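So, here's a batch of structures to check.
After this come two complexes, each holding chain A, first together with chain B and then together with chain C.
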Partner chain A sequence: MKPRVETPPGTRVVASALGALPFNLLCASVLCVLAAHAPHLPAWYTAALAGLLAARWWQRRGRHRRVSGWLRLMMLVAIPVVVTLVYGTPLGQQPGAAIVCGLLVLKVLESESTRDARMAVGFACFILMSALLFDQSLGSTILVGAMLLPALATLRALEPGLPERGWLRAFRPGAVMLAASLPAALLGFLLIPRLDTPLWGSPGNGAASTGISDRMAPGDLQHLLTDNAVAMRIGFDGAPPRAAERYFRGAVLWDFDGRSWFPGVAATRRRSPVPVRILGPTVQYDVTLLPSHQHWLFALDVPIDEPDAAQMGPDHTLWSIQPINQSVHYRVASATQYRLAPEELPRAVRAAALALPDGFDPRARALAAAWRAHSGGNGAAIVRDALELFHDGGFAYDLEAPPLGRNSIDDFLFDTKTGFCEHYASAFTFLMRAAGVPARVVIGYQGGYWNDFAHYLLIRQSNAHAWSEVWLPGRGWVRVDPTAAVSRVVLAGTGAAGADVAGDGGNWWLPWQDRLDVINRWWGQTVMGFDTITQARLFRPFGIDHASAQILGIALAVVVFLALGAGALLASLRPRGKPLDALARAQLRLQRRLARLGLVRGSSEGPRDFYLRTAAALPGQALALQELASEYLALRYRCCEPPPERIRVFVRRVRQFRPRRVVK
Partner chain B sequence: MPFPEGMQPDRTLQPMLSACDGESVRRDWARIRPSATCGIVHFLRESGFRHPMDQSVVTATEMPAPERGAPRHRLDAALAQVNDVLVGKNLAVRMAFACLLAGGHLLVEDVPGVGKTTLAHALAATLGLSFRRIQFTSDLLPSDIVGVSVFDRESDSFRFQPGPIFAQLLLADEINRATPKTQSALLEAMAEGQVTVDGASRALQQPFFVIATQNPLDMAGTYPLPDSQLDRFMLRIALDYPNAEAERRLLTGEDRSRMVGRLSACLTGADIQALRLQVRAVTASPALLDYVQALLAASRRHHEIRTGLSPRAGLSLLACARAWALLGDRDFVLPEDVQAVFTGVAGHRLIPSRSATREALAQALLESVAVE
Partner chain C sequence: MDTIARGAGPGIATRVRHWSRSLMRGRQPEPLPVRLDSHRIYIVPTRAGLGFTVLLAAMLVGALNYQNNAALLLTCMLGAALASSMLLTWRELHDLNLRSLHADHGFCGARVPLHLAFADDRQPRHGLRISIDKLEQPCPLQPGNSLATVTVPTERRGWMALPRMQVSSTLPFGLFRAWSWITPAGHMLVYPRILRDARPRERHDDPNDRIAGGDEFANLRNYRPGDPIRHVAWKASARHDHLLVREFDRAAPGQPLRFDWNALTGVERETRISRLTSWVCDAYAAAHPWILVLEDRRPIGPASDAAHYHRCLSALAELP
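Our next item is the complex of A and B:
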């Protein structure tokens, strides 16, 4: 049999050309990388890179002319420039992902040798993993794991010994290795001490991505109301509250500048929560809140205690000291029937709840003044007047609200009369303040979908909602939902504030969707929610209340040691081939030394073929190698029982032999 | 280094290390070896210096004199003569000689016109054996091969009229054009060196060597050889198209049939018998037998092989490897010898379970078994 690699004497091994199968697999791997990053990159950018990849594939398949180095150099410069132009900065997660995806495709463009392909695959694996920085849900984790397979198959195809048409055979070792690495991954997940904040907490992945923000201007919520992503999941201790009571309080907005509402100074002023009188039974529940990058924790209206690591504001909002950058899990109690600050309103708070900017919306002010005069300052009557206006005044609920001018409230109330929750909440609160009734805006979530399979309430971003609270003497802060006056049917039906949630209505696949969401919830709570605190509690069953990093490290070492021990035991129990004799050991030693110079003997390569090859590669020592080889062959294959004295001489000579490579 | 580089006597190494395709390896060594050191070695040896290692080296000249000498020399001449006729087919010719020396029969399979019959003719002329040729056709009968008893009116008894099989070198041309029944008539002769007609066994003259040629099975009008018949051929070789250089020599050179007609015998039947005895004396060490057994075992548990190699295949493999070693001027077998003949010996005996080709399977087997 001829040796596979012929090395001319005195030269280094040159990079070998890339075959068709590894190249196709490499293209598939890179396509997977682009697919994994497609959700958070501009569609045209991904399409352009995919097109470039397809062109490269076509070029190599048809043996057309390659893209010149100058053009590649220009693309290398163009990619960061384009990304900077699109994102405004080359830094941050999304611009970074866009740049590395582009560089990867450029690498494929120039890959012609196996060495290039190996580098490209390593790079591709890294970029593939970085897709998990954007989305760590169960689905995308499994998807990214599966997308590793083409990359592993490429590595396999780059090794010799696979037929050109070995697509499927190339995939098998990678799949087996991936499956075999799962226990190690689980071990690392459980026991490697984790950081309080993620390493990749780089700037630039800020609040803009998901969730309710702490300011509200007309049209702000629009993108949320069409977003079907999960915001939080809530499991109740007893029966869930009635659909009409499912208001989850987030932020309270006090200040209005003529267009936007802000939390304002009243919210941040250090005061204890206003007293609350509980009228009915309280509700205990667990919330799993997905990352919102905000400080607000959401609780059923109105929370009466505060979870760990959060504090309650004077307006009964829950505020976390750390922004919610990872999924959090907390437990709260709420009262659905309550009186909030019924006795009196401090003067400063009253002033804040009546403050309006001057010079805006004269018509609305006039209308409010008319109501005030008509009702004689009776708050409840004014509220009724306002709700009647929304109900009978020809108002329409529509997510496609027309743009509003400088006097946004006037425009909405008297001209467009079309909008969604934030328009109504904003206009209503303005009217109340103008009519002398203390009022504020509350934003949060309303409604939700009850998962009947696992008994929890699923709140999506599309459940985002804004409503108002007015202060009435003797009744305190009363929740008024002006949107409900307009679109009562929508609110009573699916529970969402008019968003497109048609998928939640009684389809045959609904139970399966429930089950799927149960898995997602488990993933969110158990895997994503496995934080430093949960990890520290890992050894509670063994009597260790708080496992420090040292204890975790020791545990990791113990488990690894036990696993290695078990593996060694199993290996020792397996039947082994015949033990090596002195001659074989000496020959192995010689082969190891030659392997260090890159002269590796294939397991099926004949000894004479191998030594001929090594002698050709090491011309300076060809004679010494000849001697050793001929002696080995004579001892191993000529003599049926080689004399021990000759074996000893051979062993000694092998020990003294030092192969050296002389590079020309 | 324990002693100066180049201390090793150079003459002894070359034949020992020479590879299956001798030319290229000799070229390699010639390139590697610095000529100056040869002088030193020569000087040291001439002055009676012998290193302890020196005794370990097997020299070709140390082989017992009676076994070497004339037949060996004439064998080289025979090889050269056949190679002259079949341009660029050194490996196939060497295989044919290995098969002859190992005492087996040869199956040559390829498309028409690549020199199958020429090889047989050249061998016959060179070996100096009595030669008969049978052109197999679909209406050929067994009695056409082994002979028939005819009634002799003068002696008032049946007299056996021997068929063409009573020769030393039999060319069974296009063997797969005959029906299986006729093909089987060769079985006894090939396995036992005798034919039985009308209850009387008649021994064939030794050496008896069958060269069968067959066209690839996908050609029209062919009957595939039964597996049992295939197993009786020690080696199967393919000739393949010549390379450009060889083809040019073929086109510009003399007419092959005229060349064959001019060939003179280089070997005698007695020489061949003597060489066959030498082949049997070639050493196969325990390590080599381990390797052969490992190959056989691997063929029997490979998942793509329905039927692995038989013990007869194992014997053929070892015999062929021995002959190959002898052709390499060595008196012991190396794993490389086994590897060189493995595809020829095992290729036609492996029955694949899937669509894999037999040659690819043989190659895969070789690559799956480790060599010591």
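Our next item is the complex of A and C:
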């Protein structure tokens, strides 16, 4: 009951000291934040911050010691410097996350008042949310959502009314509130109008972009081929295509500068897609593509129409005008047996498909010239020669490819002879062009893991692949996968070219993994893939064809209003009557029985008076009533904690007591 | 048209009157019991609540900008949870029922305890605070323990209207502050200020002084049969399991002290009252009988018991 200086509303809150319980919970919240960001920060950095947090907790345990201002100032300078040294820049998502995590720990170091702690909790919530910018899968969303609990518990512990060791009780309001507000949160999620264009920056630049980029240099794909993250999931209308046909076309690269391949001018020139002659049945399928921050939409080779909100390039590549910053869902039709541009190539296209930079790779050029002379310019024969070279020339598939020099093709073909898909596709296309066969590089995904439980194809980033297309007269652009010709595989399983296993062996838990992935797929389609287009169709069942931002805003306001109203109604409900212990219940039972005889206790009548009155009214049972009354009064008022066995006896005696009115 | 016109005139006036009365609810004295219904609870975000609003807005903009639905969902959940904590805060006060209260006797200038008895309900109200005259005092309520004590500042002797109390809470997260006003009808009596630096009574103030001898007692000893009952030191005895009796330097048990208003001349009126008050207190503490003589009133006493003590102090407090 120690009075403290009052703070009228609106005035500065007097900083009161931070207790042990809220401080411990604050440390737990910050530890959660560090854990949420650990996957994409350097391990030593996370460990250092966690160590600092632990040291602070230890230092403040039991005694209220402060951290010196100099130390904090030094850290304030050191954190951005260290992050800049590690990442090369303080800007960007990962350096930003590293810096804010450091600053959060610094805030804990200086937290001595409830006000500090509240600020730190708010800061921690924000940083928790930013962890989802790196990984918005279902698992990490649930995990991060659960990590809000310690933060809310800290807020609760900063308020009065908790026992010193009541840390479990501190979690209760947060858990209740999060669970109770889930419906409102979901409605808000559905109705908050999405932005058509980002307000600032391009969300997917730098290290944040994942998946295949539209540039290919030796070694570029290496990090992808070891990445087991999901790239997309594809559900087919009928049977899935055969394993050999599972090539998913992304970008077509025309230009080569001696080291890297680019889409080039021929691809970017605005032309209609080249004609395709469909030879077999077409395949209809739905694709859920996870955020790649790129423009490419992947489709089974070769797509014959474009989905909504996408465009088809002249090379039958699909691309979206907006970068894929959130999960997208689209439906395409493809032909697996086709002739792509079987008629004569336009001169400009042919020139682009044969262009090679001067002054690179003389030995490869000489080899190609020899093939050309040997086969008399027959494209199919030259392709066969090249594939034979890869098959029998001592080439190996290895993700750990040695570095290549200036003449990268020569070095690969004649020296290292070790590489993975992009080395082979690059070298093969170079050889074809040098031999006078129009050729180009295609990058995309190949293979995939068939989920037998829910019947869809799961494509991981490790399924990334590069192959070639050559143009042969009468047959058009023909897909050639030089990597498939390589016989010696050093590192099987992780690479796309190494069979169709995608890193999951035949384990007993495979069916369960399939089931789990079904949930992930649902999450990707419905939650991550919820975009402006889906949102605009939200009110179709109600006759509104296109829900504009205004309509959504009005609906949101209505929902907020209704939710608050419902909440107020729920909050005003409270249990009827008083909390009753066994003693009070027994006493009430006695009163009810007496009331049946017309002996009603008045609202201003104390128990003693009442029982005196009833005893007088029921002379036959006066003694029993007086005994009951005195026992009740003794149990109720004489001692704070009446012995339970006496209460039990009293309850039994009340149960046995039957008031009888004297017949007059 | 006719019915509307007829209905609207007095209707609006009545409504405005009702409305203004509901605005004033809690500010006008009202008889107990006072139940806090939903019409008299006010709630606004605290500074921390405003800070979190800004934070949530930043999270929302960030999630929308990065087109990250998982982050948006998280923001929605946190926002909904924090917003609905408003209802919990409101619930802390809603249906609070102040059944009765009684004020202790206190001296002017000190904080007088005010005992509040709330209706016992099933809901614990851990975060309840009551502020009286800008002093916030925590008074947590629990099922089975619905009594609270707050202190009231006093500035004037005499009958004082019961103070206006602000009942407030910021539970569960400190983001909202709900409050309501309760002004119980009734008055409490504040005894006059005790003059701490009261000059000891001088000989000429009181001719009985010499006879009465030391009103300072020397020590306490155990009760022996035959001791005058008024020498029992009740307060001290309460701390022991046997009776204690005060021994005086020069016991003059038969002679009560005489505190005479008219004998105190040359001092200001309030100082006079305060001086008499301190003397009464001293005499009561010494368990020495005394007589209080006020201007144009019958002398009170002699006696030395609690009833006499309170009668004297009340008379002093009620002096015009």
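One rule holds in what follows: the second predicted complex is superposed on the first by the 497 of 664 C-alpha atoms of A that agree within 3 Å, B and C clash if a C-alpha of one lies under 4 Å from a C-alpha of the other, contacts with A are read in each partner's own complex, and residues count from 1 in each chain.
Please note the rule applied: a residue touches a chain if its C-beta (ideal position, glycine included) is under 8 Å from a C-beta of that chain, and two chains touch if they have at least 3 such contacts.
This structure is a prediction, so every number in the text was calculated from the model and none was measured.
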*asked:* Just checking: does A:554 make contact with chain B only, chain C only, both, or neither of them? Give me first, second, both or neither.
replied: neither
*Examine A:118 and indicate which partner it touches, taking first as chain B and second as chain C; both and neither are also allowed.*
second
*After superposition on the shared chain, which partner residues are touched by A:638: those of chain B (first), chain C (second), both, or neither?*
first
*For A:155, select first, second, both or neither according to whether it touches chain B, chain C, the two together, or no partner.*
second
*Could you look at A:519 and tell me whether it touches chain B, chain C, both or neither (first, second, both, neither)?*
neither
*Between chain B and chain C, more extensive residue contact with chain A*: C
*Look at A:653 in the shared chain and tell me whether it touches chain B only, chain C only, both, or neither; answer first, second, both or neither.*
first
*Could you give the residue numbers on chain A that contact chain B in one complex and chain C in the other?*
1, 9, 161
*Partner chain A, residues of chain B touching it in the complex*: 1-2, 5-8, 12-13, 16-17, 19, 25, 28, 31-34, 37, 52-53, 56-58, 283, 285-288, 331-336, 339-340, 366-372
*In the complex of these two chains, what residues of chain A are touching chain B?*
1, 9, 161, 584, 587, 602-609, 611-612, 615-616, 619, 621-624, 626-627, 629-631, 633-640, 646, 649, 652-653, 656-657
_Parts of chain A lying in touch with chain C, wherever the complex brings them together_ = 1, 3-9, 13, 114-115, 118-119, 122, 125-126, 128-130, 132-133, 136-137, 140-141, 144-145, 148, 152, 155-156, 158-162, 173-174, 177-178, 180-182, 184-186, 188-189, 192, 194-195, 198-201, 203, 325-327, 527-531, 563-564, 567-568, 570-572, 574-575, 578-579
_Show me the residue ranges of chain C that touch chain A in the complex, using the header's touch definition._
38, 44, 46-48, 51-52, 55, 58-85, 87-88, 90-91, 94-95, 120-124, 126-127, 131, 134-140, 143-144, 149, 151, 170-175, 177, 179
